[in-house]
Each structure stands twice: as structure tokens, then as C-alpha cells.
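The letters A, B, C, D, E, F, G, H, I and J name the chains in turn, as written, and every chain counts its residues from 1.
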Amino acid sequence: MENVNFIQMFLNWLATFEPRVLILAASCIGAGLAMIAGIGPGIGQGYAAGKGAEAVGINPKASKQVTMVMLLGAAVAETSGILALVVALILLYGNPLVTASGAGIILAAAAIGAGFSMIAGIGPGIGQGYAAGKSTEAVGRRPKFQSAVVRTMFLGQAVAQTTGIYALIVALVLMFANPLTKLL
Amino acid sequence: MEPITGRALILACSAIGAGLAMIAGIGPGIGQGYAAGKGAEGVGRQPEAQGDIIRTMLLGAAVAETTGIYGLIVALILLFANPLIGLL
Amino acid sequence: MEPITGRALILACSAIGAGLAMIAGIGPGIGQGYAAGKGAEGVGRQPEAQGDIIRTMLLGAAVAETTGIYGLIVALILLFANPLIGLL
Amino acid sequence: MEPITGRALILACSAIGAGLAMIAGIGPGIGQGYAAGKGAEGVGRQPEAQGDIIRTMLLGAAVAETTGIYGLIVALILLFANPLIGLL
Amino acid sequence: MEPITGRALILACSAIGAGLAMIAGIGPGIGQGYAAGKGAEGVGRQPEAQGDIIRTMLLGAAVAETTGIYGLIVALILLFANPLIGLL
Amino acid sequence: MEPITGRALILACSAIGAGLAMIAGIGPGIGQGYAAGKGAEGVGRQPEAQGDIIRTMLLGAAVAETTGIYGLIVALILLFANPLIGLL
Amino acid sequence: MEPITGRALILACSAIGAGLAMIAGIGPGIGQGYAAGKGAEGVGRQPEAQGDIIRTMLLGAAVAETTGIYGLIVALILLFANPLIGLL
Amino acid sequence: MEPITGRALILACSAIGAGLAMIAGIGPGIGQGYAAGKGAEGVGRQPEAQGDIIRTMLLGAAVAETTGIYGLIVALILLFANPLIGLL
Amino acid sequence: MEPITGRALILACSAIGAGLAMIAGIGPGIGQGYAAGKGAEGVGRQPEAQGDIIRTMLLGAAVAETTGIYGLIVALILLFANPLIGLL
Amino acid sequence: MEPITGRALILACSAIGAGLAMIAGIGPGIGQGYAAGKGAEGVGRQPEAQGDIIRTMLLGAAVAETTGIYGLIVALILLFANPLIGLL
């Protein structure tokens, strides 16, 4: 009794659960964390929507073109939201951690770590949406340069995606190929 | 005395996960509000294009809503149809 | 002496989940405030289009409110119609 | 010696949930401040439209306040009319 | 030897809840600062409208303060008139 | 051997609460910096209105400071006049 | 063998509280950087007003620094003059 | 019941630390997206300067990537070359 | 076999506190980057004022760095000159 | 059953601290991206000033990088030269 401090008591309490329980409980939190990435596309696409509305007002003749560029750019900006949703759905419906071998506490922490990692998707979502909005504006002003503008937009959006991809990779490593369990 | 079961721990963490998932709603709120502001500005400047402006604003806002819906869906799954309980 | 039960743990975490879900309200607050600002600016510049501007602002703001409402609904479910307790 | 009961845990987490819910107030604060800035700018440019500008600003700001109020309501429910205790 | 009671846990979590509630203050700080900037800009451009600009800025800033005050009130309730203790 | 008492837990959580409350300071920092930028811009454009611009900037910045002060006050209460200890 | 005492818990949480308080520094960093940018822009456009622009920028930046200093002070109090220990 | 060892705790916290480090990726995502938008705008305005614009955009974006890479490196170290285990 | 002592807990929490304190660095990073952008813009428009622009940009950026330095100092104190250990 | 040692706890928390410290990287990422965008815009408008623009952009971006580097250094210290272990 004397050597037992509250940290040890908490860890002992955690250890009273089956490893499977810890993993499943942590997966609930990880799934919630991953969805926070959705902040990004929401802001970014909303910016594109505003720029689209503005551009259509300024140049109603180009309204079809403007709308198309807005939707194209916004589609790219959706990526991080979809990736986060996929990670959350994997945790909920195809949880690889449950069948993985290794200490329950590490696998449970991996689910939470994967959720944290996906939050990075906020960045690409906002950034790509901004690019979509600016491209929409530019095409509304000078529709004939659409291809050059859209090409630049895609190039810039691809560059802006990278940190979201890094985060996805770290999340997938944590979920499917956790190197930490082998260190135990 | 009934101790905390594994099932209870998972359900407790589901409540927290559901709350976290809703935080995604910050994004569509900011983005669609920006669109609303630009739409209002545009309608004031080009009242004749009001239809096009509002249609574009709403279309863009619909696109911006999706991640908020994703968060809601994940929260509702955690609350009403938690598939992880079945894995216990 | 009544120890902490699984039921109590779920309810405790539901209180935290409800609080987290409300954080979504940051978004509509920022977005609708932007719309308010653009609306006020527009009305100052084109007073004759005041009706159109305000109508567009309010329409857009209504769209921007949704994710805040989602957060509120999830919080109220956690507080008043907690489905997790039934799953225990 | 009275140990920590489930009831106490729920009330403790309600204090944290109430604090979290208030964070929603960031949104209206930013948004309404933006509206205030745009209103002040507009009044400086079109003093003759002052009434319209301020009315639009306040209307939009009222809309932007809602999610902050939602957060406050959820916090007050957790503090003064905690429904979770009854579910124990 | 006096162990940690439920009462102590609630009071401890109330300290954290009070701290969290103050975070709402980020919003009014940003928003009112924006209004200050726009007010200063406006006064520089239309010194003759200084009174109107400052009055509108202050009116809008007062509106933007509310959610910061809500946060403060919830924190003060948690610290000085904690209703959760009575529910134990 | 002196174990952790309820009093110690409250004081420990007060340290965290005090830290959290200071986070409110993000808001005034951003807002007043915006005002500073707009003030500097305005003074460059209308040097003759320098007095009015700076006065308006400082007035607005004072308003924007309040929620940062609220956070500081709550932190200082938690650190130097902790009312929660008395409730134990 | 020395167990974890209440004093140790308070000191440990003070380390976390000190770290949290520093997060306030995000605000002045963003705000003063904005002022720096506007100052640089202004000096480029009106080099003859350089003195006034820089003076206004620095005055505004000093105002924007305060909440960062508050955070630092609270952190230093927690680290070097911890009043919570005395309350134990 | 499988006990949690110190080694397991370090590895578990390394998984969480790796996840936290990746959050840095928010920054480059926003920043490079801004650059992409400005680049696309510039190409629309001065198509003849397309080469220069895109080259500058990519150069600046490369610089903006670094802190995201730092986060990735720290995460990979925690996952694949964990130095903390060796210190146990 | 040495269990967790109070000293160890303080040092462990100091590691977390040091990490938290570094988050302040978000602010100067954004702010100085804004100044860099405005500086680059200004130099492109008024190459003849390059010296003044860059000097103002660097002066303002130095001011914006301070809270990042405060965070670093608090982190280094926690890591290398931890005063909390002495208070145990 | 081998209990957790203080050393293990410090190392575990160091992993989390290292992850938190990297979050600072959000700032330089946003800021330098802004500078990249302004640089690209400037080069499109004044191709003849390309050298000056890019040099200023890179100089400003270097300044904006520092707090990201501070975060990296603190993380690397926690991982590879952990001074806290020596204090145990």
C-alpha cells in the first residue's frame, strides 16, 4: 500500500481492463479527434464560396466558369476532411488495433495518436480553400486565362497537401504497422 | 458493489469522442459566414445578379457544410450505434 | 459507501463531451459576425439595396448557424437523452 | 472518511464541462468585433446612413451571439440544473 | 490523515473549469482590437466624423464584450458561489 | 508520510486553472496589434490627424484589454486569494 | 522511499500551469507582427513620415505586449514565488 | 490482467507525442495554400510573368514546409528510433 | 525497484510544461511572416525605400519575437534550472 | 508485477512534451506561406524587382523560422539530451 502513488493506482486501474477494452475506448476518442480536421475544409470552402458569389456578381457572364473553378478547388480542399473521416471509420468499423499483437496500452495510445495526427488536416483544408477562392476570383475577372490559373491552383494545392499526407502516413503507421509494440 | 466494466469505459470515452467530433463545426461556421458576408456585399453592389450570387453562395456553402456533417455522423455513430461495443 | 460505478463514469464523461461539443459555436460566431460587418458596410454604401443585403446576410447566416446547432443538439442528447446509459 | 462517490465525479466533470462550453464565446467576440469595426468604418464614410449601418450591425451581431448563448445555457444547466445527477 | 473527498474533487475541477471559461476572452480581445484599428483608420480619414466613428466603435465593442463577461461570470460562480457543492 | 490531501489537490488544480486563464491573453495581443498596425498606417497617411488616430487607437485598445485583465484577475484569485480552499 | 506528497503535486501542476500561461504569447506575436508589416508598408509609402509611423507602431506594440507579460508573470510566480505551497 | 510496465508507458506516450507533433502540419497547409491562391491570382493578372510567379511561389512554399517536416521528423524518431527507451 | 517519487512527478510535469510553453512560438511565426510578406511587397513597389522598409520590418519583427523568447526561457528554466525541485 | 519507476514517467512525459513543442511549427508555416504569397504577387507585378523581393521575403522568412527552431530544439533536448533524468 505504501509504494502505491496515484499514478500507479491509475495505471493499475487501467490494467484491470482487458487490452481490447482500452483499445476500443481509445478508438472512440481517436475517431473524435480525427474529425476535428473538418475545421479546415469548412473554412477553406466557405472562403471559396464567398469568392464565387462575389465573382458571379461582378461578371455574371462567366458564372458557369466561375462556379466550375470554385467547385474544382473546393473538391481538392475536401481531401483532409475525407481522409480524417476514413481514419475515423477505420477506427470504428475496421479497427486493426484490436487484432494487433502488443501491449494494450500502446495500441490504445496509437488510436489517440492517430486521431491527433489527422488534426493537421486543418491546414491543407484552409489553404487549398483559399487557393480555390483566389482562383475563382481570378477566373471571374479574366475567364480566358482559366487554364493557367487552374493549373497554378492545382500545383499550389498539391504543395499545400503534403503535411496532411505526412499526418495520414503517421496515423496509418500507428494503426497498421505500429513499430512501438515491437520495442516492448 | 459493481465495478466499472469495459463496456462502461468504452461508452464513457464515446461521450468524449462525440464531443470532440463536433468541434469540426468551427470550420463550416466560419467559412459559410464568410460566404454570407461576400454574398450580402455582392447583392448590394450588383442587385441585378442577385439570383446568381445567392445560388453560388448556397452551392459553395453546401460544399463547405460536409465536414461538419461528417463530424455529426461520427458523433451520432458513437452515441447511437457504437460498433466498438460489438467488438467487446 | 457507494463507489464510482460505470454508470457514473459515463455520465461524468457526458458532461465533458457536452462541453466540448459547444466549442463548435466558435465558428458561427466568427462567420456570422463577418456577415454582419459586410452587411453593415453594404447598407452604408447602397442604402437602396438594404432589403436585399439584409435578406442575403440573414440567409447566409442561417446556413452558417447549422454546425453550432449540431453541437448544441449533441450536447443536449448527452445531457437529457443519454443513449449511452441504455447501452450499459 | 467519505470517499469519492459517482455523484461527486459527475459534479466535478460538470465544472470542467461548463468551462469548456464557455469557450464558444471566442466566436461571437471575434465576429461582433469585426462587425463593430466595419460599422465604425461605414459610419465614418457615410454619416448620413448611420442609422441603417448601426441597425444592420446590431441585427447581424444579435445573430452572431446565439452560439455564445448556447454555450452559456449548457454551462448553466450543468451548474444549476444538472440532469446527469438524476440519471445516476 | 484526511483523504481526498468528493467535495475536494469538485472544488479542484472548479478551478480548472474557471480557467477554461476565461479562454472565451480571446474572442472579444481580437474583435475589439479589430474595431479599434478600424476606428483609428476611420478617424484619420474622416476627422470630422470622429464622434460618430468612436460612438459606433464603442457600441459594437460593448456588444462584442458579452461572451467574455459570460465566461467571467461562470468562472466567478465556480469560484465564489459554487452550486455543485450543494448538489453533493 | 503525508499523503495527498483534498486541499493539496485543489491547490494543484488551481495552478493549472491559473495557467489556463492566462490563455485569454491571446485575444488582446492579436487585437491590439491589429490596432497598432492600423494606427501606424493611418499616421503615415494623415500625419496631421496623428493625435486623433493615436487617441482612438489607445481608447479601442483599452477596451480590448479587458478580457485579458479578467483572465489575469481570475488567475491571481486562484493563486493569492483562493476561495475554493475555504469551501472545503 | 519518499511517496508523492501534496506539496509535490502542487509543484508538478505548477510546471504545467507555467507552460499553459506562456501560450498567451501567441497573441502579441501575431499582433505585433501585423504592426511590423503595416509599419514596413507605411515607411515604404511615406518615407517622410517614418518617425511618426515607427513611433506609433512601437507604442501600439507596447500596448499589445501586456497580456504576454501577464502570462510570463504568472508563470514566474508559479515557478519562483509559488504562493500555493504556503496555502497547504 | 496484463500490468503496464514503464517501458510500455513510454512507448504509449511516444505514440501520442508523435500524433501531437504532426499537428504542426496545420501551418504549412494554411500558408502554402495562401501562396497558391496568390500565385493563381498573379498568373491570372500577369500571365506573361507566370514562370516568375510560380517559381517564387514554390520557393516560398518550400521555406514554409520546414516546420511541418520538423514535426514529421520528431514523430518518426519517436516511432522508429525512440531514444527514450534506451534511457530507461 | 524505485517507485514514482514526488521529485519524479515534478520533473515529468516539467517536460510537459516545457512543451506547452513552446506553443507560444506560433505567434511570432505568424506575425513575422506577415511582416516578411509586407516587406517583400513594399520592396517591390518602392525599391528606393528598401533600406527603410527592411529596417522597419526587422525592428517590428524583433518586438514580435519577445513572447516566443519568453516561452523558450520558461521551457529552459523548467529543463535546466528547475526551481520547483528546490521547493520540495 | 514491476511498478512504474520515476525515470519511466519522466521519459514518457518527455515524449508528450516533445510532441507539444513541435506545435509551434504552425506559426512559421502560416507566416512564411503568407510571405511566399506576397512574394509571388510582387514578382508578378514588378518582375524587374524580383531579386529584391525574393531577398526580402527570404530574410523575413528566416526571422519567422526562429520560434519553430526553438520548438525543435526543445523537442530534441527532451529526446536526446534529457536533462530531467539527471535531476532525479
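To be clear about the criterion, contacts are C-beta pairs under 8 Å (C-beta built on N, C-alpha and C of every residue); 3 or more make two chains touch, one makes a residue touch a chain.
Bear in mind the structure is a predicted one, so any value in this text is a computation, not a measurement.
Chemist: Name whichever of A-B and A-I has more C-beta pairs touching across its two chains.
Modeler: A-B
Chemist: So if I superpose subunit B on subunit J by CA, what angle comes out, to the nearest 5°?
Modeler: Between subunit B and subunit J the superposing rotation measures out at 130 degrees.
Chemist: Where the centres are mean C-alpha positions, what is the separation of subunit B from subunit E, in Å?
Modeler: The separation of the two C-alpha centroids amounts to 26 Å.
Chemist: I'd like the Å distance between the centres of subunit A and subunit F, where a centre is the mean of that chain's Cα atoms.
Modeler: Here subunit A and subunit F have centroids separated by 33 Å.
Chemist: Would you mind pulling out the distance in Å between where the CA atoms of subunit H average out and where those of subunit I do?
Modeler: Here subunit H and subunit I have centroids separated by 19 Å.
Chemist: Can you list the subunit D residues in contact with two or more other chains?
Modeler: Residue numbers touching two or more other chains: 3-5, 7, 9, 12-14, 16-20, 23-39, 41-43, 45, 53-54, 57, 61, 65, 67-68, 71, 75, 82, 85.
Chemist: Can you list every residue of subunit A that touches 2 or more other chains, as numbers and ranges?
Modeler: 2-3, 5-8, 11, 16, 39-40, 42, 44, 46, 115-116, 122-123, 125, 127, 129, 163, in rising order.
Chemist: In the complex of these two chains, what residues of subunit C are touching subunit A?
Modeler: These residues of subunit C touch subunit A: 27, 31, 67.
Chemist: Using the touch definition from the top, list the residues of subunit A that touch subunit G in their complex.
Modeler: 2-3, 5-7
Chemist: Once bound in the complex, which stretches of subunit A touch subunit C?
Modeler: Touching subunit C: residues 39, 42, 46 of subunit A.
Chemist: Once bound in the complex, which stretches of subunit A touch subunit J?
Modeler: These residues of subunit A touch subunit J: 3, 7-8, 11, 116, 123, 127, 163.
Chemist: Enumerate the contact residues on subunit J facing subunit H in the complex.
Modeler: 1-2, 4-5, 7-9, 11-20, 22-45, 47, 50, 53-54, 57-58, 61, 65, 68, 71-72, 75-76, 79-80, 82, 85
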